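One chain, chain A, appears in both complexes that follow, with chain B as partner in the first and chain C in the second.
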Partner chain A sequence: MIFKRSVPSRKAGRKIKFRDRYLPTIISVSSVLAFFWLIRSVVVRAEQWPRIKAQFFDLDTIIFVFPKVLHGFGINMSVWSVSLVVIAIWALLLAIFRSLQGPWFAPLRVFSIIYIDLLRGLPALLLVLLFGFGIPALQIPGLPNNSLFWGAVAMVASYSAYAAEVYRSGIEAVHDGQRAAAKALGLSQIQTLRFAILPQAIRNVVPSLLNLTVALQKDVALLSVLGIRDAVREAQIHTARTFNYSSLIAAALLFLVATIPLARFTDYITKKDQERRLQKTT
Partner chain B sequence: MIRKALVLLVICSLYAVSAIAADGTNNPNLYQPGKLTVATGEPVYPPWMMDDNPAGGVGFENGLIYALAQKLGFKKEDVVWVRQTFDQGIAPGKKPYDFNIQQYSVTETRRKFVGFSMVYYKPEKAVVALPKNDISKAKTFKDLRKVRWGATIGTADLDYIENTIGKKDVAVYNDQVSTFQALLSKQIDATVISLPTALFVTAVQVPQATIAAVLPHDSNDLGHGLVFEKDSPLIEWIDKGLKAIIADGVVADLTAKYLIGNKSIPEISR
Partner chain C sequence: MHKIEIEHLTKYFGDKLVLDDVSLKVAEHEVVCLIGASGSGKSTLLRCINDLISFDEGSIKLDGVSIYDKTFKTNELYKRIGIVFQSYNLFSHMTVLDNITLAPRHVHKISRAESEAYACELLSLFELEGFSKSYPEQLSGGQQQRVAIIRAMVNRPDVLLLDEITAALDPELIGGVLAVIKGLRKQGMTMVIVTHEMGFARDVADRVCFLDNGQILEEAPPKTLFSNPANPRTKQFLQRIIEAGRL
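Let's look at the complex of A and B:
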């Protein structure tokens, strides 16, 4: 797919030449190879390379810490999948609050605006620290003081502010005529949203939401500051114990295994979406 | 004949002078010859250094550095402090200082990537918990394993909980402040920390917490040492100075002044 070239249109009575058919592929492949070979030779020739290699890319260490890091990665994945569902719903509610019209809905609109302004304006790490250490310290009876719970709440709070804005952009991108048409059919405001606006809005923003999903997958690692032994923390523990950074590479590999397929899937959805918009048929 | 001998003498003495100079305060291997550049953490914790002010000279570790510098022939103002995180101290590459002091524990696995000085202090460990906790009734390691533990990353305390006490799934925090915050929020029940730190923390910073017990030494933790770049040519020279101030009783005095506390705390050793 990366090496895909535009196929020259076959003109009547003319054969495709070798140059047209294979040369672009050859140039792509060889230039990519040359580029990475150049980087590799610069890195490997560096004076410190043997030391870096031993401290960062030691295979024995990577294998040794892998089970622990994998166990931590399980925590990453479970926090990620649970908060993903909560974010998808909560952010949609926020976006709906904000798009409601009429004086009765003013409190909801104001709440939504303040919420998004505040939580989108604060670094996620700060929220994790405030929620994870601050709320349990209040010792309010009935509230859990589990750091994993509050860490996940902080991620939901932060990411739903972003996701709400994405939803809102989708809602606003739906042409006003749609709203007018729904009204003309006698649909109420809620019915208009439910049947006319949201189906189009959500379809518009799926690629952007998937993008946030990838970001969330990595940001779950922020919860490690609360003492939660996720993949990054397990790797850091080993690094701090032995001064060997190779364990971080083990964690990095796991994250890549999880995020790259998701990124490709996002690409695929985006492309589909574009084709749909351009009314292309294949 | 006499002339030859004189020339020889001059050459010899020059050689001797240069040898002394190379080992003295103008050692060319120093980061800044003529200065002793020492790295430490940010913040630095009492009683190792007081008031987050290494240059104040009040505290165990900065007291030790100033005594060492004097022994090696540096003036007080020739000691330059730089602040580095724990991770900067162990990352590969050239360092903007001569050595790093922030209670780094000397272990054999770490020796693969950094150079250590001789051990200058070997702390005892203490269990810190909130009072009226199950911990206060604990008599054995088995009792200790029943509660939730937390520790600070990179410390020998974490290894102690996992290997000596035998408790897994310890919560691991970024720094000492977070660990104690988690203790206060009741997210963990207890932590292990070196006894001098425990004495200070429970007396001044977190008076709600108490020292529940002291623990025996961990055989894998050789004690605190200065951290150098791997194979640093300075280690031998600095070690000589350290040995001298330990022999002079300076380290014992500093220990007595900053690190010794009440001996009436119960010990749990099995």
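Let's look at the complex of A and C:
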């Protein structure tokens, strides 16, 4: 909640007064309104404001480009939702590879470490350019030549490295006693992971994974550099024609509409998770 | 032939010698208690017996066969030796029933119906019949520890290892757990017990071993060891325990 008010302690038999109940809320709301009204009036009175308004907030332009930008935004969201699923699975596999013990699993462990080191160290934009332009240009038979596909692959490759590290932190946070108990019961390494460790590890990292999800939701706009007509690209096309930047604001609004609710949901889940941990320790 | 035969066991953690040429024999149906200060190596010794910790030199045999012998498929060893830990180590995301039946179903491939039937039998024997669908955190410490004992018992092991199983419990809950162990002793279960409860060791043990700096310094029936210890280090240890009011 944005407007937090301290709840007055209720003494037995005494009704809470109107003042105690509503005054804090009234003060919060009115002070916030006053604050923003002040900023608005300063901005609007500035000499350059009409130019800024025409450049960025031209309502006619926004309405005009909105259908095209919205269509592009649909591409952003479908890339986002498909990559999300692939990342969740691939990153979990990478984390499992890295946590396996014993000499036979050494190749998987080494692969996972190198993969994560490399792909976490490279800018996502570089990967998008490399995959999205580089691979289709090879015209390899049997592989898709679609830059949208390879751009999405680049996003998956990059984000999986981060998500794998998140999973790994969750796996390592599960208490050693759980592993000892699983081993003493005769569970194999894979069974230990499947039945004892992963369910607890994944539960521990849900908030962090949701944070990555929010970040990915915006970063899919990187694919616009490949010429894919996503929301940002559509907006840019219009900007290039008219030298008016309001179309980018239209795209910005769409991204906010998608990310803010998800960010709020993440906060909510994080809070629930903290409460659960507190309950456990008391 | 002894049930468990430990010979010349040596174990290092890095440079630190934690078990120094330890030998110990446990007969079938015998209950042996390991006592000693923290860091004396008693938990390490216990965890070597069921291969939770590897050792550097020496050998451990179960019914005359080395625990590393190939005739022991790993699962067979874990089936025949059960262990209960100080901090219960129940799987917190599983119900009591799932905790108990995990190993029978997935390791020993016993049908769900059969393993659940036996689990319920043990639950009612240990006065926990209403809790099969509860999660560990909804139970008291004493109840959780009894579930952990059932989880170790459900594979019908020959040997039970108990690693300070009452150390994390509130005093009023200890009695219930110890009563369960006394019951198992009556049924003839072979047990190796690491404990700080000297009164319990005196009641339940056939033999008490005092460990200090990774060595077994004294080994005697509880009456002898507690009333007339031979080794000066044992005397000193027991003196401290008496001063703390725990004997």
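The working rule: the second predicted complex is superposed on the first by the 263 of 282 C-alpha atoms of A that agree within 3 Å, B and C clash if a C-alpha of one lies under 4 Å from a C-alpha of the other, contacts with A are read in each partner's own complex, and residues count from 1 in each chain.
Operating definition for what follows: a contact is a pair of C-beta atoms (placed from the backbone, for glycine too) under 8 Å apart; a residue touches a chain by one contact, two chains touch by 3 or more.
Please read all numbers here as calculations on a predicted model, not as lab measurements.
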Identify whether chain B and chain C fit side by side or clash on chain A in the overlaid structures.
-> fit
Touching partner for A:236 - first (chain B), second (chain C), both, neither = first
Partner chain(s) touched by A:136 [first = chain B, second = chain C, both, neither] = first
Go through the superposed model and pick first if A:178 touches only chain B, second if only chain C, both, or neither.
-> second
In the superposed arrangement, which partner chain does A:203 touch: chain B (first), chain C (second), both, or neither?
-> second
Chain B versus chain C as contact partner of A:186, first or second or both or neither | second
Just chain B (first), just chain C (second), both, or neither: which does A:45 touch?
-> neither
Which partner, chain B or chain C, touches the larger number of chain A residues?
-> B
After superposition on A, vertex chain A (C-alpha centre) with arms to chain B and chain C, in degrees to the nearest 10, comes to 150
Between chain B and chain C, what is the shortest CA distance in the superposition, whole Å?
-> 50
So which bits of chain A does chain B touch that chain C touches too?
-> none
Chain C residues touching chain A - in the complex, by the definition given at the top = 47, 50, 52, 74-75, 77-79, 82-83, 85, 87, 89-94, 102-103, 106-108, 137, 151-152, 155
Listed in rising order, chain B residues that touch chain A in their complex are 86-87, 90-93, 107, 109-110, 112-114, 150, 153-155, 158-159, 169, 171-174, 178-179, 181-182, 184-188, 230
Any idea which chain A residues touch chain C in the complex?
-> 175, 177-178, 180-187, 191, 195-196, 199-200, 203, 279-280
Can you check the complex and tell me which residues of chain A touch chain B?
-> 48, 51-52, 54-55, 133, 136-137, 139, 145-147, 224-229, 233, 236-237, 239-245
